[in-house]
Each structure stands twice: as structure tokens, then as C-alpha cells.
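Heads up, the next two complexes both have subunit A, just with different partners, subunit B and then subunit C.
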Partner chain A sequence: MTYQNVNRGRSKKRSGYLKKKTEPYLYLLPTVILMVVLLVVPIYMVIQYSFFDNVIINDNPVFVGFQNFQELLTNESFWVAVKNTLIFVGGSVIAHMIIGITFAMVLNTKYIGPKLKAMFRVIFSLPWMFTAAVIAVLWKMLLNPNGFINFLLVELNLSSTNLEWLASRDLALFSVTMINIWAGYPLFMISILAGLQGIQSQLYESSAIDGANHIKNFFYITLPQLKPILISLILLDFVWTIQQFALIWMTTGGGPIDATEILSTFIYKQGFSEYQYAMASTSAVILLIICTIVAIFYVRHQRGQE
Partner chain B sequence: MVGEKKWYIKLITFLLLAVGTIFSGFPVLWMFLNSFKPNSEIFAWPPVWISDNFTLNAYAQILSDPEKIRFFINSYFVAFIVVILTLFVSILASYSFSRFNYPGKKIINTLIISVQAVPPITLLIPYLSLVVALNLYNSYGALILTYLLFTLPYAILMMTGYFNTLSKELDEAVMIDGGSRFRALWTVLVPVAVPGIVSVGMYTFMLAWNEYLFALALTKTTEFRTVPVGINLLMGQHAYEWNQMMAMSILGSIPVLLLFLFFQKYFIAGMTSGSIKS
Partner chain C sequence: MKIKNFYNKGILNILLMVLAVITLSGCMGSGGDSDSSSETGTNNDNGSNSEGDSDEITLEFQQWWGVELPDGVLREIVDGFTEETGINVELLSNPYADTKTQIAAGAAASTMADVVGLDGAWVYDFAKQGSIANLSTLMDDSGYDQNQLSDQIQVDGNTFMIPVANFAYPMYVNMDILEEAGIEDIPETRSEFTEVANTIYSETGKAGWAIPLSTESPSGIQNNFMSWLWASGGSMLDNGQPNLTDNSDLIDTVEFMKGLFDDGVVAPGAYAMKEADMVEEFTNGRVAFMIDSLAHLNTIQEGAPDMNFDFVPVPVQEGFSGESGMDVANWGIGVAENSEHKEEAWQLVEYMMSPEVNAELAVYANAFPGNANADPDYSDADDLFLKAYELYQDSNPVNEFTGLPTSEELMRTFAEQLQLYIEGDTGEASEMLSETQSIWEEAFE
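What follows is the complex of A and B.
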């Protein structure tokens, strides 16, 4: 406090004290208002919707308790969406990690100079720079029955016919997962690269003295050192992939039939093409619960690192 | 590892560099090349790399269509306003988090961080009701308001981190001269924090520029639709004009590509802020 305060009266001191107490909250006020309007109220609303029938369309919806949940959990299409979501998310996260570690280690090599390395880092990060709409049209073109991927496969004698990557029920889920793998690995790669650069070189030096080879180094030094970053990345990627909507919506729309239907496209269709807003809200609440559980693990993990 | 040169490690490294370049670069190259072809040659068998009928037609058609120009204007406008609002609100909040200690700080902070775990699709149905109730359906306001929820958490996290690196003596010097804290923030701290602000601004721009779900569901007419929705509308609008889709994709990617190339360091800081603890 400054010397000017000495001359101030008691009331002024009091108001100064009050001001000091409220000041930090005033700076937070816009954020808090936005969070309440955009987060707290909508979450309250969506949970409320899940306990009513005919919300939004009907002015006087009826409270039905857990009936929506019962109905949803016995709905076959919902379980198809859950199964597809698990395959899509599991495949994406595992492949993101493998590709991320491999490319990060290649970019961390000492065989090429820093300028070349920077160039390769930009090229390897390319998928990151495109929005889902662009990635969707790009891969629809590449995976077209007459597209480049089929041309390669036929030329290399790996396939005798032009495969319907996105339009066949057997291949579509595999194809959209591949597209999502392509779109998402750079986050892993760049984060792991930062992690690799943080590993102290003495660790490798002392293991070299012990005569350890590259494979041993990888499993006994590199992986354990990367563990905290990898766990963060897996949890984050899980939450992000489970809510992926744009890529699937623009490539297959959840089809053919329900072959690539995941939870987010299921929710969207329930709401915006079938006008079953209560059902859509119920599935949204289930998705929210899953993401919240994963987020709790994530926060605990981050706290544990401190 | 040290000083040791094993030829097969070198070979694998160069092989993987080549594989990675094709894997990540070829699809992008193919998009670029196809934007200069006539539509009939997109699926030529064997594929045509650079067409004898090289043409800028696709770009000309996109850029001469007022509807498509409108998508670009909308995207730039929405992203620009979202950046300004996000910066203003997040600077205030980060100042509070960085310079004060008070009851409830941790709870509010946790609430803000938890937004990252909330799937946008779970909020979509309540947003639809709210936006209709506020008379914002099919307007810029609907997009700007809803985008703020997803830009603010990152912005506040990154800005707080940046403010924490700046000495408290900076703002105290202003206050000793009789200035208010508010003045200290805007006249002293903000000018010093420009690198952090640039980084937050770019990341916010990218989030807003790329958003698809709310743009699709909360707008109805081409008057308010953004580039990602516009690209998707090209599919099936006419009989698949692939060259135009590629041209529009390139044009729609230029802002983010330029930001990435020139401000890589800031960009990466933003995108990896969730996974790496500094």
C-alpha cells in the first residue's frame, strides 16, 4: 500500500478493503457469466431433457423418470453406435500413439541437420493444418472407387477390383478410422518429440557403457521417460476422438446403413433428423458421463505430475 | 548410441523419413494438383499428375461466385470477432488468476479446465433451445457466442501461464504512481505480453475457423454459413465438381497454413498445451 493511504478516513479505508476483496472477482466476472450461460445452464438443461418426454416440440413435456434411459439401453441401434465408437476410438488412439512415437523418433534423429529436420517436421505435421471438411473431401476423392488408392492397389496386384472404401458395409468403419488416424497423429508426434528432447542424454550414455542396444534403450529408457506424456495424450485423444463428428458426418454420414454410426452421429440424427430431442439428450448425457470419467483420470494424472 | 554409427539404423531412419513424407504429404499434394485439373481428369486411369489442360478454372469459378465469397467473409468475420472477444475476456480472467489469491479460485479454475472434456455435441440440443430463445438462430451471434466456450479455456490457461512469467513488480510500479490495477494491466502488462497474446489469438482463430458442428446446426441460410459448411455443401450441389472442391479446400486452408508456417513455435505451444506440462 502507498503512503497516500495514511491520510484517508476510516470509511475510505473500508471501501478500499471491500474493493480489494471484490477486485479479483470483477476481473473474472465476464468469464464466469459466459461459463454459466454456455456451460452450466446447457448441461443442466440437457440432463433435465433426458428425464422428460417430447421436449422442445411439446410445450408441456411429461416427466418420465429413467424411462428414456431404459428405452435407449434396449435400443439396438444405440449399441451398434457404442460398438462402432469403441472400434473407432480404440483403433485411432492406438495407431496415433504408434505413428506418433515412430515419427517423433525419426524427427529426433542425429543423422540430418537442423534445417532439414525443421522441414520434415512441417511436412509430417501437414494433416494438422486442415479442417475436417477439407480432410473429408480429400479422402473421399482418394478413396473413390476410381481414385488413387484403388489405382495403387490394382497396379501393385494387391487387389483385383475397385474397392468401395466408404460405401461398403465391411470397409467403411475401417476407412473412416484410417482417415481419423491420418488427421490426428501430429498431436502425438509433436508432443512426444518435445518429450524426447527433454530426456537427459546422460541416461543413454550410461546405458551405452553398460553395452545396451537400441531396442533395450527404447524399452528401458525412452518409453518409461515418455510415460507421463503418453498417458496424458491417450486420455486427451480418447475424449477428442469419442466426440468426433465432422469427419464421419462428411464422409459417410454414419452409413452405409449404420456401419459407421458412432455416438455423436447417433445423437445428431436423433435430434436433427428424427426430432427425438429427449432421446438425443439421453444419449448426450451418457456420452458426457463417459467423458467426465476420463477427464477425472486426466486431471488426477496431471495433478500427480506436479 | 553415442558416437556409434550403425548403418541399419541410418537406413531405417531414411526409409521412415521417405514413408512419412509420402504418408503425410502425398494426400495434400494430390489435393493441390487436382485443383488445377479439369474435372474429367480427376479420376483418370492411370492418374494424371500435371494435366496438359492445366487450368485455373476451378479457382476462377469459386472466386467469382458471390455465395462462396460470402462463406469466406463469414468465416473471417466470425473468427476475427471471436479472437477479439476471447482475448479481452481471457486477459481479464488470467490477470485475476495470476495476480490474486482468493477463495473459490481453484473451483473456478477447475470448471474452466473441465470444458475441454465436454463434447460439443452434448451441448448442441440445449444450445439450439437457447439460441432460438435469444432470437439468435441463424445469425453471427449464435456462432460467436457458442465458439467462446471452447476458445476461452485454452486462452485463459495459456494467458495465465504467460502472465505468471512476468514480474509482479511491473504492475506494482504503476500502482505506486497512483494508477489503478486496471490501468497497470492494460498499459504495462499487456504490451509486454504481446508474444503470449499473439499465440492465444492464433490458436483461437484456428479453432473458430475450423468449427463445423455448430456452424452446421445453428445456421440455416448461406447468408451466415462458414467455409467448412460451404466446402461440404459443394458435395452433391452439382454433380461432384471435384476440382472446385479442391480449389475451395486450398483457399479455405490458406489462412491456417500461413499462420502455421510463420508462427510455428506459438502454434505448437497452443496445440500441445493440454498434453505437456511445462
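What follows is the complex of A and C.
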């Protein structure tokens, strides 16, 4: 073997080693580039904007440090939006869970035939198929003071007057939360149904031998078995609901006055109505922090499961 | 074999990377491209606003008019421009709200279409942002005769928008409801209106009046509230600045509005109602009076072909005998500051404002022309339209929100304060107006 051959062999080995080392990174590169362009850069820009007096419309924005955050946190409207968001998100997530479990258990019962079960599964899943625009139009018609819901309530003597579901300060937040609950429960229902089908029947059989009733079964077998799915769903639903914009915007626009103003509508108005992009970015950063905290919990929970 | 596999993988890898780069370039390059609703002129296939291999120029024209005009009309009009000048026009037509959001995003990112449809309420903000071009300069450079324009929307003495078509906001009245309630005389003053609205409610159970006060689209303040003030010769401004505090005309109007709400004669759901909802209520025969755009005339006629309705002047304050103001909204036109073809863009504006084209557009849009020399042929128009035209000609066209800073936000804050007053949270009308004034002043700083 000549010296040259040895060298060629070494260099081939080295380039092979390099290729082997870099190969995984090359596979990752397209995803990394996409994430940087579509995720990291916009997030970085929004965070950067939040530290300037006003951006985009101002050619020479001035760095103001945390002044925007200070201004925002002392803004009464912001806290109204936070309060409404908490009610909207909290109400939606809790109701999604309760309705989801209930419907999933109904659909999982052995007392309904398979054909009927399949039909109900399709019907109960329908709201999940509609877009926010369709849901908003549909419910605006149903909740119109002269609409079907009021007609039913008056006919059944449950109300003496036509209620202004979306136009009353006392009812509007409740109404939009109800609409969101209706629109979002099927995800819980379908996921929990899958979870219920995964619970081993032996657990129920042995509990029956021990004399446990349905309630005890639910609390000591069903719920603990569903816990991992429920926690994941709750965390995801929290993040999705906190970002809900279209539904609120198309039904009430955040009104009457500020009765249904949530963080997303508050940010939109600051950006596209007042052209205060820096303040809108500041609000968005706060929303980002909240979502990130929830996301961390979600990831930890997922890892814990693994 | 392994080496072969490795090289196969390597080639696959490179291919994937190339694909990713192409995809990304596609994503980045698509920012200024047309959306799904765009239509390009017959002479152009590339759909871009840059010069092609030849010296062809394609202008992007973003507006909401194409959606509201009969199918193909706007395309036909701009094709005439292409025939005349050889400049292609790509229409980006979307509904009003989407157009606003897209133009605002374009203004922020300097990717605005060359020519844009504008609402007077947006002009100040886009002009201050430097997103729309100074039309005064373009007009001077081309030696354009400005006297033929019925109006120009200016900021700091410079024109940034030219109204192409004016839409009047007369008062619609459902004559069937009036007949059902036994009312023979049309109300001419506010007190008469209150009386008539109360009679309608007590006799028929229907609403006498409707006002959309949704904060999502707060134009109800401009079109349905301020119309009452302007009809009685009032003003919300003084030398271009807010004049709400201690404005007796405005105090009367606010109190009059609260009176209607207190009497229960206003269509329910006003705080979440949008203009389209109000039109629907009227079309369904549940509301006797409403102030609305003449542009909805056909919609109402098609929705309720048997309904007998008419146009009447907006009732005025007791004792007022001057010329009434009538609210007008515009389809305005402007040129983007970021346009690389400002001269050609101005040519398109000039073409749209030429008497013949402007008259044609006005007829199709059920509007009044922006060119004072235009002579629209309304001979085939509906009798009701002609009556509204007469009312318009007898009135003083007015819209004080045009050209104000953050106009939409001003309307929104006014709507919120008005709702607080109607709900009783604010004790006095003067207090409500004073609070609104302080909020408005921040926008004018």
C-alpha cells in the first residue's frame, strides 16, 4: 500500500465521518429554517417592538425600556380584558371537560346500538367541523333578540321578554362563552372517548366483584385512567381558547362597552384601530409569556408520561 | 452497498434542501403577490407588479368595490384603461373589512398595492404613516385640473384621497308599518319623531328606529348618530378639533337618543348590531325608520319586494330652518407611497375620475359621482333612487369623521361612552361628552 493510497483512504474515512456527523443536521435544516423564519423571527420582532415608543408607523422609534409594560399594567382596560379572558377561558375549559366526559361516556355505553352510536358521534362532532365565521353567523341568528332561542324561551314561558344575549352587558360574556363551549367540546369528547375505549374492562369487573357502584367506578377507575389525557387536553385548550379572536370579534366585537373584551380583541384594537403597534406588541408579549408557561407545563407533563 | 445507500441519502438530502429553499423563496416572494380573489387584465399573465421581460407595467389595485359592484363591472372599467394606456391592472378585490386589514398590513410592511381604495376614515392615519402618496404633488406634476373634483380629502393641506363615488345616507321609512300604526304624517322634527316612534311601538309592537352600535364596526356613530346632528346643522368639530364639551346641539342629540332608548322604541340588540343586521331588521319589516346607505336600496328591494318604503329627510331639532346636512360615505382612491409606478398609478386615478368613467361607475354603484363634471345617466334608475338623489341635492353633504386621526377609534370610544350614558352609568349628557372629548383629544395630540 503506497503512502498516497493510505492518505486517500484516510481522507475518504474523514469525509465519510463528517458526512455521517452532519447528516442529521441536514435533515433537520429545512424544519429549522422554517421555524426560524416563521416562528423565531416574528417572536423576536414582537418582543423587540415592545421596548420601543411606537414602531412601524414611526421611522425613528425610540427605545423606552419597560415603559410600555408599565403603561399597560396600569391600564384599566387591560385588566378588564384580563378578567374577561380568565372568565372566558376558565368557563370554556371547565365546561369543555365536563361536557366532553359526559358525551364520551354516553357514546361509550353498551346500552346504545353501534349504528345509533355512530350517528350520535357524527352529530356531536359537528360543531368542531365549522369555522369560526360559520359559528358566529349561526349563533348571531339564534341569539338575535327576535331569534329562535328567545322564541323558545318565550313559548315555554321561561322568559317574558326577548333577551339581548349579545347586546346586554350582563349576558354577553356568558353568551360568547357558551358559543365557544359549543364550538370546542367535540375535541374533548372524541379524545376522551378514545381514552375510555383504552381502559381495561377487567378493572371494572374486579370493582364490580368488590361491590363498587357506578359513581365509585367513575371516580376511582375512569377519572384516574383518563387523567393523562385530561391534563393534556386542559393545557392545550387553555392555550387555544386564550387566543380565541374571530368568534368574539364577529359576534360582539368586545362589546357592549368592554363586556366581552378579551386579550386578543384588546391587542387587535391597539394594533389595527389605534395603530399603537408597540403597545399591541407589549400586550402580545404578555400573552406569549402566559402561553409559554402553560406550554412548559404541557411539555413537562408529556415528558413525565414518557 | 452501504456507501451507495449513503450517497443516495445524500442526494435525497440535497434534494430536500433545495426543495425547502424553493418553498421558502416562494413564501417570501408571495408577500406582494395577488390573493385568490385577484383578477389580472387580459393583456397580462404574470400577475406581478414589476416590469416583465418587455416594458409592460402591471398596477395592483386593491379595493372592496369589485365585490360590491355587479360582477365584472370593475374589470370592464379597468380594461378600458389598459386599452387606452397599455398599462395592465391587477384587481385585488375583497370585502371592506378584509381590504382595510390588508391595506393596514401593507402600510406597515410597505407592500401596499400601487393604487388603493380608501375610506375617508383611514386617510389621516395612512397619510401620517407616510404610506399613501401626496396626490397634490402628483396632480401638480401632471397638470391636472383640480376644479373638476367635487371633494379632496386633505391632511396638513395636502390631498391624499379623492372621493370617486359618494354614497348618501338618507332616512328609510317603512310605509306599511306607518299605515299599520295609523300614522299619516311623516315626522319632520325630533319631537314628532319620538311621538311617531312611540305610536308605532304601542300600536304594532315594532321598533320605531334602529341604530347599530356594535364596537366591532362602530360606523353607526358616524352614519346613524351623527346624521341627526348634521341634519340639524350641528357640528362635532371646531376648526378641525373635537368640540364635544358643552356643545348644546350635541347634548340635545345625545339626550334625544337616550329618550328613544328609554321609551323602548329602538330595535333590541343595538349594542351588538352592525349595519348589515340593521338592514336585515328593516327588510324583515321589524323597524319603521333607519338611516342607511343608498347602496343598500337594491338589497332591500330584492329582500322585500312587496314592502312599501320611501326616503324622507332626517327630522331636525325644533326651530331649525337652515340647510340640513346629509351624511355621505365615499369610495376614495389613493396611491401607495411604496409604489414604483406612481406616475402610472396616478394615470389610473385620473382615468377613474374622468367624467365618463366616473359617471359610469356612479350609475353601477347607485352612488353620486366624485367628478363635478360627470353626468351620470340615471334614466334607468329606480324612482326611489331618484328621490334620494333629490334629497341629496337639497342637502349639504357632510362627514366630519373623514380625515380625522384614528377615526374608527374615535367612533368606537364615542359608542362606548354613549352606551354608558344610555345605560345610566354616566349621569348627564354633558358629562358623557366631556369624557369623550378628553379621550378624543389624546388622538389629536
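In this text, the second predicted complex is superposed on the first by the 296 of 306 C-alpha atoms of A that agree within 3 Å, B and C clash if a C-alpha of one lies under 4 Å from a C-alpha of the other, contacts with A are read in each partner's own complex, and residues count from 1 in each chain.
FYI, a contact is a pair of C-beta atoms (placed from the backbone, for glycine too) under 8 Å apart; a residue touches a chain by one contact, two chains touch by 3 or more.
It should be emphasised that the depicted structure is a prediction, and the values quoted were computed from it without experimental measurement.
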| item | value |
| --- | --- |
| Which of subunit B and subunit C A:I56 touches, first, second, both or neither | both |
| Which of subunit B and subunit C A:L34 touches, first, second, both or neither | both |
| First (subunit B), second (subunit C), both or neither touched by A:L166 | second |
| Subunit B versus subunit C as contact partner of A:S232, first or second or both or neither | first |
| Touched partner set for A:V106, first subunit B, second subunit C, both or neither | first |
| Touched partner set for A:M129, first subunit B, second subunit C, both or neither | first |
| Residue contacts with subunit A in the superposition, subunit B compared against subunit C | B |
| Contacts of A:G254 with subunit B and subunit C, given as first, second, both or neither | second |
| Subunit B versus subunit C as contact partner of A:Y277, first or second or both or neither | both |
| Which superposed partner A:N146 touches (first subunit B, second subunit C, both, neither) | both |
| Residues of subunit A contacting subunit B in one complex and subunit C in the other | 23, 27, 30, 34, 37, 56, 140, 144, 146, 249-250, 272, 277 |
| Residues on subunit A engaged by subunit B in the complex (per definition of touch) | 2, 4, 21, 23-25, 27-28, 30-32, 34-35, 37-39, 41-43, 45-46, 49, 56, 102-103, 106, 109, 111-112, 120, 122-134, 136-142, 144, 146-148, 151, 155, 182, 186-187, 190-191, 194-195, 201, 204-205, 207-208, 214, 217, 228-229, 232-233, 236, 239, 242-243, 245-246, 249-250, 264, 267-268, 271-272, 277, 280-281, 284-285, 287-288, 291-292, 294-295, 298-299, 302, 305-306 |
| Subunit C-facing residues of subunit A, complex | 16, 19, 23, 26-27, 29-30, 33-34, 37, 56-57, 59, 140, 144-146, 162, 164, 166-169, 172, 249-258, 269, 272-275, 277 |
| Subunit C to subunit A touching residues, read off their complex | 3, 6, 9-10, 13, 16-17, 19-21, 24, 27-28, 100-101, 104, 107-108, 125, 128-130, 213-217, 267-273, 277, 281, 286, 406, 408-409, 412, 415-416, 419-420, 423 |
| Residues of subunit B that touch subunit A when the two form their complex | 1-2, 4, 6, 9-10, 13-14, 16-17, 20-21, 23-25, 27-28, 30-31, 34, 42-43, 45-47, 88-90, 92-93, 95-96, 99-100, 102, 105, 108, 110-130, 145-146, 148-149, 152, 156, 175-176, 178, 181, 209-210, 212-213, 216-217, 227-229, 231-232, 234-235, 242, 245-246, 249, 252-253, 256-257, 260-261, 264, 268, 271-272, 274-277 |
